[in-house]
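Take a look at these structures.
Both complexes below contain subunit A, partnered by subunit B and then by subunit C.
Up next is the complex of A and B:
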C-alpha cells in the first residue's frame, strides 16, 4: 500500500516535469502575445502584466492574416484531397499486390531533401506561367501529403483481412466495388490519421511556399516573417501570429488524437 | 456594301489603336525588403504610378527570404523581377560575378561619399545605387556616466577604464556582439583602429599582430566587463538588455538608435541615452561605414526602361529626405545638410556620421564570395578570446590556421591575391 503511494507520487512528479518542459515554450509564447514590446524584453521576466490585444490587432488588422489563413487552408485542403484520390487506390494496390518497389519509390520522394525539387519546379512553373497560383502550390504540397497517405494507408489496409473482399468478389462484386463499398468504409481511423498528419505538414511547410508563392498565394509560415524587419523584430507580432497559426493545428490534433495514435500503430504488429 | 466595308475597316483600325495604347501601359515587378525604407517606398508607389503611368507590382520579403528568392529566380534564368532591393555586402559580389545586376553607367553618383561607393561598383563600373548606410557607434548611458563622474571615452584605454568602473552585478560595463560569426562585423572597427584588416589585396591578414591585438582587446573587455553569456549574444539579445537598463555601454551599428530611444520599446528615458564615436585605437579612428541596402535593376529584366525610371525615383533626393525624417540613415550626402533634416535628427547621429563618412572603412566583414564561411572562421577566434579574457596563448596559432582556411576559400573562388 505504502509502496503504491510512493509510486503514484513519483509518477505524477515525472508527468508534471515532462509537461512543464514541453509546455513552457508554448506558455511563454502565449503570454508574450499579450504583452507589449517593453514587457516582453523586461528582465527579470514579468509574470504579472496588463494584457494587451494590440499584437492580435496587428495580425488581423494591419497584416490581413485572414487572407493567408485562406491560402494555407485552400492549399493544404486541396493537396490532401487530391492525395487521397490518388493515394488511397495506390495504397490499396501496394497492400494487396505487395508492390514493395513502388512503395519504396514513393517513400524516396519524401526522403529526398525538398530543396532539390525547387529549382526544376521553379523553371517548369514559371514557363507555364503558374507562379503565384494555387496550382503550383497544391502540386508541390502533394509531394508532402501523398507519401504520408500511401504509407499510412497501405499499412492500414494490410490490417484488414483479405477474406472480406474475397467473399464480396465471390458474390460477384468487382475489385473496384469491393474497395469502394467494403474496404473504404472500414478505413475511417486510417484516413483520419493520414489527413490530419499530412494537413499539418502542409500547413507548416515553409520552403515550397517561400519560392513558389508571391503576394497573392502567400501562406501562413511565410507571413510570420512580415513581423521580422531589418535590424528589428516585432516579438509581440511574431508571437501572436504564431499562436494564431498553431491554434488550428492544435485543435485538429486534439479532436483526432485518438484516431491518430490508433492509425499509426495499426499494422505495427503485423509487419 | 462599300460603306459597310469602310466602317469595318475603321472599326478594326480603332481596335488596333486601342490595343496599341493598352500595350504601352507598362508593368514592372519590384521586390522590396522588410525594411523601413521598403515600407516608405510602398506608401509612395501609388504616387509614382500616377506620375509615370507604369504599374508597379511589388512584394515585400524578409531579407534572407529575399536573397533566396532572387537567387532561385536569377539562377534558373526565368525571373520576372525588374527592380530589387539588395544587400551589397552579403550578396553583391556573388550577384555581380554572375552578371545579375544591370550596369548603371548613366546614373549620377556624385552625391554619394567615396566610402559608400566602394561596394556599389567593380572596376569603376557601378551596378547598384546605395540607399541606406550604417556605421559603428558607441551607445552609452548618460545618467550612469554622470553618477560615476566619467567622461565619454575617446580612446580604447579610456573605454576599458570606463567599462571597469561602470561594471557591477546589476549592470554590465560594456556589451558588444560575442556570438561568433555575428560578432565579426562589430569587431571590424576594433581591428581597423588597431591598424589591421581582415583581408588585404585578396589575402587573409587577420593573423597579423595588429588584428590579433584587436581580437585580444575585444575579448578582454567583453570577457571581463560584458554581460553573462555574451558569447551567445548578437544584437537581438543585447539590444533588449540595453533597453532594459542592464548595460552601460554598447558598441554596435547606428541602425539601432531609433529603437533605443523609442519610448514604446525601451525602459530607459531617451534623455539618458548618448551616442558617440567609437573610441580611437592605437593606430586609427576608422569605424566601419557600410552600405547595408541598395537598389538595383535586374539584368534579366525585359522592361529596362521602366525599371530604370523606377530606380531613379526610388533613389531620388526627395524620397531620401522623407527617409531621413522617418529615422532612416540614408546614403546620399546632401540630405544630411538639408535644413529640415538637421532640425529633426539627433546631433550625435549627425556628428558620428560625418566622422565615419570621412575617416571610416567601407567594409565590416571579409569582403568575398564565401563571406559566410569566412565569418565562421573568424567567429571562433572571437569566442576563444572572450572565453579567456583575451589571454589565450593559442590565439596566434589558431588565427594562422583560420587565415589559411580563408585563403583557401579565396583561391576556390578565384579571388585570391586580387584587390
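Up next is the complex of A and C:
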C-alpha cells in the first residue's frame, strides 16, 4: 500500500516535469512580452517584475501588424477554402474507388521539400508578374493545405458506410448528388479537422511567403522575422510579436483539440 | 434501372481531376523544371542567356567542400534530432499511457509545440541562448558549469538547434505512439500477466514490439520533416556562424534567392530531394506491408 502511494507521487511528479518542459518556452515568451527592456536584459533573469503593455502597443502601433495579420488570414482562408473545393471530391473518389496510387501521388506534395518547387515558382511568378500578389501566395499555400484535406477526408469518407449513397442511388439520385446532399452534410467533423490543421500549417508557413511576398502581401511569420532583423535588441517587442502570431493557432487548437490530435496522428496509426 | 450519365460513369476521373491537375501544374512541372535547370548555367543576375552545360553543375557542386559539409550536417542534424525525439517521445507515451487526473490537459499541452509557429519558436529560443542575457547560460552558471555560446559558436550551434527541434517535435511522436497504444488489443497483455511476466518483461516483450510499426512510421515521418528543417535554422542562425549550421535546405535557399545561381541551386535541391525521396519510399513500403 505504502509503495503504491510513493509510486503515484513519483508518477505525478514526472507528469508535472514533462508538462513544465513543454510549457516553459511559452511561459517565458509570455512573461518577457510584458517586460521592459531593462527587465529583460537584467542578470540574473527576473521572475518578478512590474508588467507593462508597452511592447504590445509598439507592435500593434508602429508596425503594420494589423495588415500582416489580415494578409495571413486571407491567404490561409482562401488556400484552405479552395483546397476543400479541389480536395473533397478527390478524397471522396479515393475513398469510394480505392484509388491508392492517387492517394500516394497527392501525399507526395506533403513529403517533398517545398524549396524544390519554390525556386521554379519564383522564376515563373516573376515572369507572369505575379510576385507579391495574393494569387501567388494562395496557390503556394494550397500546396500545403490540399494534401492535408485529401489525406484526412479520404480516411473520413472511409468511415461513412457506402450503403448511405447506394440506397439514395437506388432511389434514382446520381452519385454526385448523393455526395453533395448526403455525404458532405455528414462530414462536419472531418472537415473541421482538415480546415483547422491546414489553416494552422498555412498560418505558420515561412519559406513560401518569405520568397513570394513583399511589402504588399507580407504575412505574419515574415513580419515577425523582419522585426528581429531590424530591431535585434528589442526583445520585448519581438516576444509580443511572437505571442501575437502564436495566439490564433493555439486558440484554434484548444477549441478543436480532439480534431487536431486525430488529424496529426491518424496518418501514422491508420490511414 | 436508370442509365448512369456521362459524368456519373466517369466520376472516378472527374472528381479527382482538378486536384491532380493542380498538383501536376504546381508540383510535378516545377520539379522537372528544376531538373532541367540543373543542366544549364542560368544565373538570374548575370543577364547572360541560358545555355546548356551538361553535367558541369553537378561536378562543380559535388566538388565543393561547402556542399559536403551541408550534406553531412543535414544528415547528422536529422539523425540526432529524430533519435532523441523517438526515444523521449516513446518513453513519455509509455509513461502517460494510463488513466490519471489531468490527462486531457497533459495531452493539450503536448499539442501546443506542434502548432506553434516555428519562426517564433526559433526567436524565443534565441532569447534563451543569448550568451549575455539568456536563461541557458544562467542555468549553467547556477549549476556551477562553464557558460556556452550556444548558437553563436560553430561547435555548439548544431546541437543547440537539435534541442529546439526536439522540444518542438517530441510531442508528435508521443501523441502518435499514445494513439497506437490505445488501439492495442488487451489479450496479449492478459496472457503475459497470466504467465507471470514482470511489468518490465511485458513492456519489453509485448508492448514495445506491438507498437513498433507505429513508432517506425512516426520516425520516418519525422525523418522526412527533419531533413527539410528550414524555419528554425533560418530564423535562429541563417546558416551561420559562417556556414556552421548550413543544411542542404538553407544552402539551396541561398543559392536560389541570394546568389541567384539557379543551375547550381538545382543540383543542391536535387540532392535534398533525393534524401527525402529515399525516406518517402521507406514510408510507402511500410504502409503497403502493413496493409497486407
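One rule holds in what follows: the second predicted complex is superposed on the first by the 243 of 271 C-alpha atoms of A that agree within 3 Å, B and C clash if a C-alpha of one lies under 4 Å from a C-alpha of the other, contacts with A are read in each partner's own complex, and residues count from 1 in each chain.
Assume contacts are C-beta pairs under 8 Å (C-beta built on N, C-alpha and C of every residue); 3 or more make two chains touch, one makes a residue touch a chain.
Predicted, not measured: the structure shown is a model, and the values here were computed from it.
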| item | value |
| --- | --- |
| Room on subunit A for both subunit B and subunit C (clash or fit) | clash |
| Partner chain(s) touched by A:6 [first = subunit B, second = subunit C, both, neither] | neither |
| Partner chain(s) touched by A:228 [first = subunit B, second = subunit C, both, neither] | both |
| Contacts of A:215 with subunit B and subunit C, given as first, second, both or neither | first |
| First, second, both or neither for A:47, with subunit B first and subunit C second | neither |
| Superposed model, subunit A: greater residue contact from subunit B or subunit C | C |
| Which superposed partner A:122 touches (first subunit B, second subunit C, both, neither) | both |
| Doubly contacted subunit A residues - partners subunit C and subunit B | 41-43, 118-119, 122-123, 210-211, 225, 228 |
| Residues of subunit B that touch subunit A when the two form their complex | 33-36, 57-63, 65, 68-69, 72-73, 75-76, 78-80, 235-236, 240-241, 243-244, 246, 253, 255-256, 259, 264-267, 292-293 |
| Subunit C partner contacts - residues on subunit A that touch it in the complex | 11-12, 14-15, 18-19, 21-23, 25-26, 28-29, 32, 40-45, 85-87, 89-90, 92-94, 97, 99, 102, 104-106, 108-109, 111-124, 139-140, 142-143, 146, 150, 172, 174-176, 200, 203-204, 206-207, 210-211, 220-221, 224-225, 228, 235, 238-239, 241-242, 245-246, 249-250, 252-254, 257, 260-261, 264-271 |
| Residue numbers on subunit A that touch subunit B, as the complex places them | 36-38, 41-43, 118-119, 122-123, 126-127, 131, 210-211, 214-215, 222, 225-226, 228-233 |
| Residues of subunit C that touch subunit A when the two form their complex | 2, 4-5, 7-8, 11-12, 14-16, 18-20, 22-23, 26-27, 29-31, 33-34, 37, 44, 92, 95-96, 100, 102, 105-121, 123-128, 132-133, 135, 138, 142, 167, 171-172, 175-176, 178-180, 183, 214, 217-218, 221, 224, 227-228, 230-231, 234-235, 249, 252-253, 256-257, 262, 265-266, 269-270, 272-273, 276-277, 279-280, 283-284, 287 |
